[in-house]
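Note that chain A is present in both complexes that follow, paired respectively with chain B and with chain C.
And then the complex of A and B:
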């Protein structure tokens, strides 16, 4: 099988797995979980092959139906597509974690459709990051969005349904904006292939090109939950089942950011607009997101609510890095997409394990749980240290790079905002760790509990270990993404 | 106050948008990129190289077939979403056999007319599906017609009887007919011509193109019908 066939396979395998899940779920739906797990293992294997290939030969394409672009749909695997590594990793672990969790939290009839939606969600993300066609990107974004809304509501509690509805309304508006933007670009260029649009956009009328950029950017920024457009996120991410929270916070919001990267690829290449004003706006919004997310998180009692607000802060870091548009900051931002996914999944799955065993989700109720569930709380603590960005964990290098980028871009003030945000974040994670280990339990029976079952504990520990490993091997993803960023900014004449 | 602010905000947003849209290449102008670039090739070479007599079908199933593969997945996702959110609400029980959907019995007239029309509707649905490769439309529209047939039958029969027309075991397979049809044709294209979803390009293999297009149209039609009817039955379950 050639490499280009494998790009198609990395979408088709989970897609086929997803549609077959209700059928192979069996009479009771019990087989759906293992089937989904197997599907993701196979997908991950293909993903590893693709990553190895892109590292060896650089970006490569597949032409669907054999139609060369721009006439047919091109799938293009570049360094940014390598985010399928975290999609596959978190997807596999979240499904494993769901075996026991979903059995307890969801009505039995829904199980098979829960796994179907999880696989569809992952398929949507994989398609989103590997496609080279703008309309195809939209199609996968719809699969991804629709399944996300349903996954938030799947527990059937009234609050979950309301949260999902709010998410649906915001998400639908953002999808509409993206579609409108694609339509404008088509009217300007007559093409849907991203690379082709980029070449043909040069010399296009400035006002419509600007409008297309604006609606696409706003659409993706809503999906990414950047500050004034974040209001849907805390409820949706906190109320969803924990494995879903891990996927939503770790991966789904990042798709908005990767969408933004794709738009940058088009516009930086076309040089049709001066994006520095927009970039400055993005940097400011990023800075505000960091501070506001951290500020709101401090006052949360609910552990998952706290984590959800922390996602807004972290998206802020990434957006700020992209907006600073310097070599260091963009590399830092891109790698933070990977690292934050791992860290946030550690935290959400860890929190899920605590909720599964104790039945509580407030910090006060969870006091003392560190004594009865030492492994889970240790994993959460590692995640907390990483997210604050203390070396040598995964969170450190990215933030360091973004701060360096701020200096490189002659905007040291934003480096200061970044450190200030990290201090805020430090405060609320200290609160969490303090409750786990050092405070007297409110519910004495919490001390009698055992660790979560292995199918839940293993993913949490594995992810916590990765938080540490990625800190030590942090140079690896940095050097991997470097050529892609150099190409992106090189077209701007300010890379290298 | 709030209303006035909203109106003001909308105007502030709308003005630059209108200004920008006014500068787009004029609609209908033969020099607009939308007509001269990709679509020009579709119109000139489409009937020859894509093998479908209708250019719209050539674009949605051949040139950009993978998008349609994605779209049928979106439809399936909506089904999975409805089932994941609504199943098991009613104290976890299956709907009682013989429980009528509506508390009012359908009148004899309605019942008679539905019975009279049913075969004609079914025939028309199948016709639209099978006609897909020569006329715009096909699986999606034909599927919707078949689904509406199942839905009006539900209004005159008891729901359990109507659902029995498509038993649960088969229904789960029918619901995924569209993605499976795409997968089958896609893999066939990969094996025979070397690319996923590749159709033959030569004229003497036009019969193969038509066969494959028909497989996809039937998949979309059957799958769409099963999905729409299931969504109707599931959402109507609470009444």
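And then the complex of A and C:
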């Protein structure tokens, strides 16, 4: 099989898997979990093959129906598509984690639909990162958004439904903005292929090009939950079942950021607008997100609420890195997309394991849990250390690069925002670790508990180990992402 | 000015429609009305994009009907067909969420729901 067939397969396999899940799962839903797990393993294998191929020969494409762009639909696999690795990894682990967790949290007749939605969500994300066509980007974004809204509501409490509804309203408006922007770009260029738009946009009228950029950017910024547009995130991410929170916080908000990267690819290549004003705005929004997200997180009692606010703060780092638009900061931001996904999944799945065993979500109630569940709390602590950005963990590298980028871009002030945010984050993780290990338990029965079952413990420990490995082997993602960033920043020109 | 508005009537119309929808989303208290607002906004964007493909005096772009060029651009219409499917599925999901909220809370007024926490 050729590499271009494999790009199609990497979308078709999970999609077919999702469609077949309710059939395979049957009424009891017993087989749905293993089936979804198998599907994701197969998808991951294809993903690994694609990654190896892109490392060997650089970006490559598949043309659906044999029609070349601008007429046909192009699936394109470049270095940014390598985020497929994190999607497959987290997807597989979250499904493994769900075996026991979903069985306890959800009624049996809903299990098969839960796995269907999870697979659809992952399909949407995989499609989002490999498509080279702007309208398909929108369609895949809708697949992943719709399944996200439903996944938030899946637990069936009334607060979950409210959170899902709030998420849906914000999500629907942002999707509309994106669609509007795509329509404008089509009117300007007569094309929907991203590389093609980029070449045709050169010399287009400035006002509509700017309007298109603005609505697309705002649409993706809502999806990414950057500060003033973040209000849907904390409830939705905290109330969803823990494996879903891991996917939402680790991956789904990143799709907004990747969308932003795609728009940048188009506009940097076309050189039709001066984006420096917009970049400055992104940097400021990012800095405010960092500080405000971390600030709100300090006051949360609910452990998952705290992690959800921390996502806003970390998205701020990435947005700031993109906005600074220097080579170091963009590399740092891109790598943080990967690393934060792994770190946040460690934390959410770890928190899920604690909630599964203890039944409590508040830090006060969870006091002393470190004595009875040492492995899970150790994994959470590693995740916590990495999200603060202490070397040699995964979070350090990216934040270091973003700080270097701030200096490189001659705006060291924003380096301070970064350090300030890290200090805030440090405070609330100290609170967490303190509650786990050093405080007297409020509920003495917590000390009698056993570790989480292996199907939950293995993903958590694996992810925690990855937090360390990604910190120590930091060159690996860097060497992968550097050529893509160089292309993005226009030193090599567009399209590669 | 009036002339410019008149020749771009389709665009002006969709902008007005969009604003009406946005007004509903922001000010209405009832969740169903809020969502109808979003539907109105969706319609506005769809109308806008379909209007982009219109060619003055263009024929329907169907082969074999004996139509003569110029043809209307079919791509925006095809895209919006997909857009409508997406909008319908969003609407059905929103309505089912609203039903579940009503079953749990006995109300779908946003301010009462906020009080219940």
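Everything that follows uses one rule, which is that the second predicted complex is superposed on the first by the 489 of 496 C-alpha atoms of A that agree within 3 Å, B and C clash if a C-alpha of one lies under 4 Å from a C-alpha of the other, contacts with A are read in each partner's own complex, and residues count from 1 in each chain.
Just so it is clear, a contact is a pair of C-beta atoms (placed from the backbone, for glycine too) under 8 Å apart; a residue touches a chain by one contact, two chains touch by 3 or more.
All figures in this text were calculated on a predicted structure; none of them were measured in a lab.
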### Query
On chain A, which partner touches more residues: chain B or chain C?
B
### Message
Contacts for A:169 in the overlay, against chain B (first) and chain C (second): which applies, first, second, both or neither?
### Response
second
### Query
Looking at the overlay, does A:73 come into contact with chain B only (first), chain C only (second), both, or neither?
first
### Task
With the two complexes superposed on chain A, say which partner A:120 touches: chain B (first), chain C (second), both, or neither.
first
### Query
Which of the two partners, first being chain B and second being chain C, lies in contact with A:211: first, second, both, or neither?
first
### Message
Contacts for A:65 in the overlay, against chain B (first) and chain C (second): which applies, first, second, both or neither?
### Response
first
### Task
Pick one for A:12: touches chain B only (first), chain C only (second), both, or neither.
first
### Message
I'd like to know which partner A:179 touches here: chain B for first, chain C for second, both or neither.
### Response
second
### Task
Identify the partner contact of A:158: answer first if only chain B is touched, second if only chain C is, both if each is, neither if none is.
second
### Task
Would you check which partner chain A:189 touches, where first means chain B only, second means chain C only, and both and neither mean what they say?
first
### Message
By the touch definition above, which chain A residues appear in both interfaces, chain B in one complex and chain C in the other?
### Response
135, 139, 142, 146, 149-150, 153, 156, 161, 164, 186-187, 192
## Note on the structure
Counting only contacts in the complex, chain A reaches chain C at residues 135, 139, 142, 146, 149-150, 153, 156-159, 161-162, 164-165, 168-169, 172-173, 175-176, 179-180, 183, 186-187, 192
### Query
Which bits of chain B are touching chain A when the two form their complex?
16-17, 19-21, 23-25, 32-39, 41-42, 62-67, 70-71, 73-74, 76-78, 80-85, 87-89, 92, 172-173, 175-176, 179-180, 183, 186, 189-190, 193-199
### Sites on chain A touched by chain B in the complex
5, 8, 12, 15-16, 18-20, 22-23, 62-67, 70-73, 107-110, 113-114, 116-117, 120, 123, 127, 135-136, 139-140, 142-143, 146-147, 149-151, 153-154, 156, 161, 164, 184, 186-192, 200, 205, 207-208, 210-211
### Query
For chain C, which residues count as touching chain A in their complex?
25, 31, 34-35, 38, 41-42, 45, 48-49, 52, 75-76, 79, 82-83, 86, 89-90, 93-94, 97-98, 100-101, 104-105, 113, 117
